[in-house]
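The block underneath contains the structure these notes are about, expressed in structure tokens.
So that you can tell them apart, the chains are marked A, B, C, D and E in the order they are listed, and the count of residues begins at 1 in each.
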Amino acid sequence: MPRLLKKMSKKIGLPPGTLVHIGERKVEKVRITAIDYDEANLEERELATIEECFLFRDSPTTTWINIDGVHDVDIIEKIGKHFNLHPLLLEDVMNTGQRAKIEDFDSYVFVVAKMLSYDQETHSIQAEQVSLVLGKNYVISFQEQPGDLFEAIRERIRKGKGRIRKGGADYLIYALLDAMVDGYFLVLDHIGDIIESAEEDLATNPAPQTLETIRMLKREMVILRRFVWPLREVIGGLQRGESALIQKATGIYLRDVYDHTIQVIDTIESLRDMVSGMLDVYLSSMSNKMNEVMKVLTIFAVIFIPLTFVAGIYGMNFEFMPELKWEWGYRMALIVMGSVATGMLCYFKRKRWL
Amino acid sequence: MPRLLKKMSKKIGLPPGTLVHIGERKVEKVRITAIDYDEANLEERELATIEECFLFRDSPTTTWINIDGVHDVDIIEKIGKHFNLHPLLLEDVMNTGQRAKIEDFDSYVFVVAKMLSYDQETHSIQAEQVSLVLGKNYVISFQEQPGDLFEAIRERIRKGKGRIRKGGADYLIYALLDAMVDGYFLVLDHIGDIIESAEEDLATNPAPQTLETIRMLKREMVILRRFVWPLREVIGGLQRGESALIQKATGIYLRDVYDHTIQVIDTIESLRDMVSGMLDVYLSSMSNKMNEVMKVLTIFAVIFIPLTFVAGIYGMNFEFMPELKWEWGYRMALIVMGSVATGMLCYFKRKRWL
Amino acid sequence: MPRLLKKMSKKIGLPPGTLVHIGERKVEKVRITAIDYDEANLEERELATIEECFLFRDSPTTTWINIDGVHDVDIIEKIGKHFNLHPLLLEDVMNTGQRAKIEDFDSYVFVVAKMLSYDQETHSIQAEQVSLVLGKNYVISFQEQPGDLFEAIRERIRKGKGRIRKGGADYLIYALLDAMVDGYFLVLDHIGDIIESAEEDLATNPAPQTLETIRMLKREMVILRRFVWPLREVIGGLQRGESALIQKATGIYLRDVYDHTIQVIDTIESLRDMVSGMLDVYLSSMSNKMNEVMKVLTIFAVIFIPLTFVAGIYGMNFEFMPELKWEWGYRMALIVMGSVATGMLCYFKRKRWL
Amino acid sequence: MPRLLKKMSKKIGLPPGTLVHIGERKVEKVRITAIDYDEANLEERELATIEECFLFRDSPTTTWINIDGVHDVDIIEKIGKHFNLHPLLLEDVMNTGQRAKIEDFDSYVFVVAKMLSYDQETHSIQAEQVSLVLGKNYVISFQEQPGDLFEAIRERIRKGKGRIRKGGADYLIYALLDAMVDGYFLVLDHIGDIIESAEEDLATNPAPQTLETIRMLKREMVILRRFVWPLREVIGGLQRGESALIQKATGIYLRDVYDHTIQVIDTIESLRDMVSGMLDVYLSSMSNKMNEVMKVLTIFAVIFIPLTFVAGIYGMNFEFMPELKWEWGYRMALIVMGSVATGMLCYFKRKRWL
Amino acid sequence: MPRLLKKMSKKIGLPPGTLVHIGERKVEKVRITAIDYDEANLEERELATIEECFLFRDSPTTTWINIDGVHDVDIIEKIGKHFNLHPLLLEDVMNTGQRAKIEDFDSYVFVVAKMLSYDQETHSIQAEQVSLVLGKNYVISFQEQPGDLFEAIRERIRKGKGRIRKGGADYLIYALLDAMVDGYFLVLDHIGDIIESAEEDLATNPAPQTLETIRMLKREMVILRRFVWPLREVIGGLQRGESALIQKATGIYLRDVYDHTIQVIDTIESLRDMVSGMLDVYLSSMSNKMNEVMKVLTIFAVIFIPLTFVAGIYGMNFEFMPELKWEWGYRMALIVMGSVATGMLCYFKRKRWL
């Protein structure tokens, strides 16, 4: 599970725009790939140095430059200089503790969001910050590490499937965001499964581990919410078409992603409701269990305490105890005990404790 | 009860507009019916192939094409092509995990909503996604399976009762939405009954099953809310009359459905308040019960423990215990025990435990 | 207490505007009265048939037609036809499960609200739906049954007290709404009294009945809220003076009722806060009580269990137990027991359990 | 502590504008004082009859008429007639159950608010309704009883300290509101002290009285909130300078009071958070205590029950019990008991119950 | 931890604009420093008297006057007079119980905010009020005591690093606010650490101290929230660029601080969610523990109570008890006891209590 907070201490005291990497360094060597395409042509390359990608900047074709690894100040700085990006933007790219946001710098639009995936092995949500820069005919994407949800998009570009080769850079950024939002659905699918099995546990046999699961789910909900709510504003901002870089035709697609984001939020809120209801149910069934334990104890104690008392009386060593001498004394004592026990049982029956 | 989440995984990685059925396939063969009518004429047909319905498109009469089953890509695609519907719209039709929404594509309006009914046998809410396309003089409705709440509307069309034959396509879509909202009232009626009987149980004899009922009600509230809240926006959007396809005269009727939706929301919120209050009451009465159990245990223990102790003393085998030799020893011991018990009972009376 | 939900099932499947009575039929025979007045003249009549009231429609004097009983389709339909009222309006009049609302039909304004009173005998809130139609110089009021909060207004009309005879139809509708809002204050007065006495019970001797009262209060709050919140919008709508039927001079009076409505809402919210606080306090004092019970049990058990054990030891029948032979054995055993008990008591003192 | 609700029943059924005193009559005789001043002159008088103050109305100097006691219909009516005040305004002055509000009657502005003070002796908040009428060059203040927070203002007027003699009527009303808001701070100071000492009690020795204090604090918070929230709108309304009676220069001072009101609200909300946190902590520590009590009971019971059982076995009177004849029988029994007890103690140590 | 409330009582009754120090006097002697710079020159001085700084006012270079200590009425008054500051502003500077706010006085802008730091030794948040006045080419900062988060900014000015020497007074005020918001991140880092270790304690071994930590965290959250929420409005107000004193180019930097503030708020809200979840978990595990204690007690009691009863029976002294004479009586009694115990253990196994 991602930590809620990234240590910000490194950055404190530095002038704004200073490039410092904040977050965990997830990859050793930065990997840069570029895809350059239009309807007719396609060129895909892995670049050895960042300078190679500068050729693409002024070409009329759409270029997608993808950078895996954001800890290398030098590379970030060079890209910034070449594409004329604002220092504060570069600072945000390197600070992986960002909130999803959109910033319009007139000649380019900057978008930050979290890409989520669910790690089946550790049963935890993996979050990675993705920063996107949309320029006139290029998109630059910065990721923390290789491996992403964009493979299907690359495949579509390669095969020319769908609108993607015709759509330009704004359609590309839409496709990237769409893939990221789809990733949220996948994560929610997994969480939904966990919730359902936890609900079943709760109904059949609530145990302390169930509590642990609920606690973990609550925590994940807090984190997911924190990632998704600002994303809504981001995509809403793009969709409202305030930037000249977004074409009308792409707007309808962005509305679609926007609807998906709303659906994600909606689902998270419903799941939150369910998880918080689960805690109530857990506490109630704990209280039920305790009640039952108490009843068992009480029934035993209340039946046997008077019997033991009667036995105690006739265990006294007084010399003058006439009952002890009676031939039927013992049997009578047993009968008295039996009827006390029966009376108690009837009392509990009436109280519906049995 | 409907699942909260539909698995989205199937769709991930596909280009937008790809037609994939998401949800449970509830019917084997798609059934298509068409009703074509104006004030004077009426034609009702079950169609063997989707192509048959294309005749109706350009006729000046109002046509209602109803399609039961949304899993057949081929049929959906053909309709889409013929009526010139946007691929994203068709994708939404086939994805049954939609949130209620309205989208205005200028020459037609697209509405998605959930149709609810209450299954008396399984005591559960049945939800089915209904997609409506309102064109100039046609309405296309997509349902997941045959059987719906629209039979009364068909009857009204056949018999020419009310305004429906004069009202045009926009009045028809109003009538369909009205019937769906009426379905919500029916479901709420049933839930209201369950809540009332659960409240009675709670007052007379709260049991773990009551807790189970409360939990189920809470869950259903979460789901209902999720269906109804966006519906308000949908009908509000239609009513505000932004689309040229909605006539002024229909507006007043839409305002009426809108009021009903508000009333549904209002009722859901009130029921939610009541259900969440029920859990509090349940916990309180559990705590009351436990208190009572504890009191019974304590009263018995506190009365008999000292008595048994006294009996224990005179059960000791010391050789030199003068009381054992006294003629009145046994009787005195009994009197001491009796007065200790009486004292205890008085103490509990004063404490109002009896 | 009014039910939260009226059964809507009757109406489902019928075309909009179909007149069906929804709710409980509270009166057998519909009673119609009319008061026709201006500054100089006054005529008050009980009408045998609805047709009699049609004379008043076009007179320049202000006419108030009051109808007690809304289940008679025939009467409602005739009024509707004569005063040219929309079928949806008539439908709403007969459906007593309405939410308070205002609808402006240009030539008349339609207002629905709940009239509340407090039944001292059954200690419950009585709710009755009142529908008001404000026309150019008439007000038609529909009530579910005879008996209302308007007697003082009739008296004022008869005696010509205050502005009422000069004020016209819009002042009359204001007066009716004012009387209804005053009714809310009366109900809140009663509820406030119940809350205060429940709070006192809670402080002195919380019992399961207190819980029952709290539960009932919570429920009533839910219902009251549901009645009052939409009323605010209704009166706000009237006051904003969007309808030509409301004169400027009446506006200031409507602002006054509006303020009262806000005050009612405010009070309900505060009472809600108090009631929900009461549940917390109830639970806390239950937990306190349980704690006390547990302490009593523990003190007794912990003191006597070791003593009984000592007695048990010297009750054993081993042949070789030297203590039993000692002359001072018994006394020493008693001394040991006494000091164990004293030690325990000191321990409890230190723990502040005594 | 002020009651949450004033009985409204008296007023019901009366025509609007009827003057009825609602609330407790806190003073027998109405006391009227007037201060008339400008930069150069000052006249301060206690008036025997209300008519005396009418002289001041048309003078160009600023006049502050203060009336202590609002139950005398005659006086209120005379003032109303002379200063030409609306009957609804006069009704509000006499009804001490008002919510803070501002009403702009063009030629004068009407403001109602609560003046709070903290009674050190009864440890309770005292609330008094103050109604202010701001006219062209007069302010009329209505209070329920003599004694207020305005003495410092009178002193400033007398001594001509600060801007007050130059400021006109609008500055005067600002000064009065400022004094009232300062009163809220004083009350919050006291409540803050109570909360802090209650928190300390909670940390060291939570007792049922602490619960009582928390309950009282919660109640006071409800009431305070109810007084302050509408006050914000009142002062905001004045400050926005919509009335011609408020000069530009006074606006900056009103903004200052507005800031103070926000600060009061802010503080109330924070205190509310803290108080509601206190209840949680109280419940938690109750539960902790119960846990500890249970542990003590369990430790004693679990150690001694098996020992007593062993003693019970050798207390049986069977003729053939070989152990009883052994010479070392008694000692072995004691050793067995000792090791059982030791084992139990180890078990508890491992469970961290000791 | 800072107190929630500053005593306001001192100020009550004084005319507005009266200079009174509210808060704790944290430093004896006021210390005044001035830095005057432009791109080329730099002058830094500690001033003996406040009059020395007046030279800087009209110079075209940017001047930053910093005053440590706000209790000295004389100094504050002199600065106010010289820089022509409004008396209400000076009053706010001296009252350290301010809420963060911005006020635009046309020729200067006044900003108040809290500077937070985390004291590692006392493990508590330190809050200090900072008031900033932004004039045409000067910034005056008032702090309660020496020592602040601005040392890095001074260093940047001295060394001419970054934009700061070119940026003018508005860039300087941005830099100061940025440093203060960075301080919030540092505090949140510390709190995040505490929360994480508390969560671990909760999972492994919840103890009353954990409750104490949760309570302290909750309290700190309340205070932090109270500081940060208004700060958002302050920076938002600056950024929206309504004042002519803020240059366009600085706007983008202010947007950055604004984003940081949002992130701080976001983090606080998430931490709040987590902390309030922790209390629930604490209560649940307390209830779990109690349950376990109860089970242990019940198991022991329920097994041994019947056995002791059996032993009690054969400890009775009746003369005629045939079993006592049987040779196998003792062994049979032991066998009976053994099977009762075994039966009980099976019962508990089935109930999953073991």
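Criterion: contacts are C-beta pairs under 8 Å (C-beta built on N, C-alpha and C of every residue); 3 or more make two chains touch, one makes a residue touch a chain.
Note that the coordinates shown come from a computational prediction; the quantities given were computed from them, not determined experimentally.
Chemist: If every step must land on a chain the current one touches, say how few steps get you from subunit B to subunit D.
Modeler: Step count on the best path from subunit B to subunit D: 2.
Chemist: Answer with same or different: of all residue numbers used at the interface between subunit A and subunit E, are over half used by both copies?
Modeler: Under half shared, hence different.
Chemist: In whole angstrom, how far does the Cα centroid of subunit A sit from the Cα centroid of subunit B?
Modeler: Chain centres of subunit A and subunit B, defined by C-alpha means, are spaced 26 Å apart.
Chemist: Just how far, in Å, is the C-alpha centre of subunit C from the one of subunit A?
Modeler: Distance between chain centres, rounded to whole Å: 42 Å.
Chemist: Would you please write down the residue numbers of subunit E that are in contact with two or more other chains?
Modeler: Expected reply: 283, 287, 290, 294, 297, 301, 305, 308, 312, 315-317, 321.
Chemist: Please categorise the chain-chain contact pattern as a line, ring, star, complete graph or other.
Modeler: Topology of touching chains reads as a ring, each chain with two neighbours.
Chemist: In the complex of these two chains, what residues of subunit E are touching subunit A?
Modeler: Spelled out, the residues of subunit E in touch with subunit A are 151-152, 156, 161-164, 175, 178-179, 182-183, 185-186, 188-189, 192, 203, 252-253, 255-256, 259, 262-263, 266-267, 270-271, 273-274, 277, 280-281, 283-285, 287-288, 290-291, 294-295, 297-298, 301-302, 305-306, 308-309, 312-313, 315-321, 352-353.
Chemist: Using the touch definition up top, name the residues of subunit B that touch subunit A in the complex.
Modeler: Residue positions touching the partner: 4-5, 7-9, 11-18, 86, 88, 97-99, 101, 103, 205, 208, 211-212, 215, 218-219, 222-223, 225-226, 230, 279, 282-283, 286-287, 289-290, 293-294, 296-297, 300-301, 304-305, 307-308, 311-312, 314-317, 321, 323-330, 333-334.
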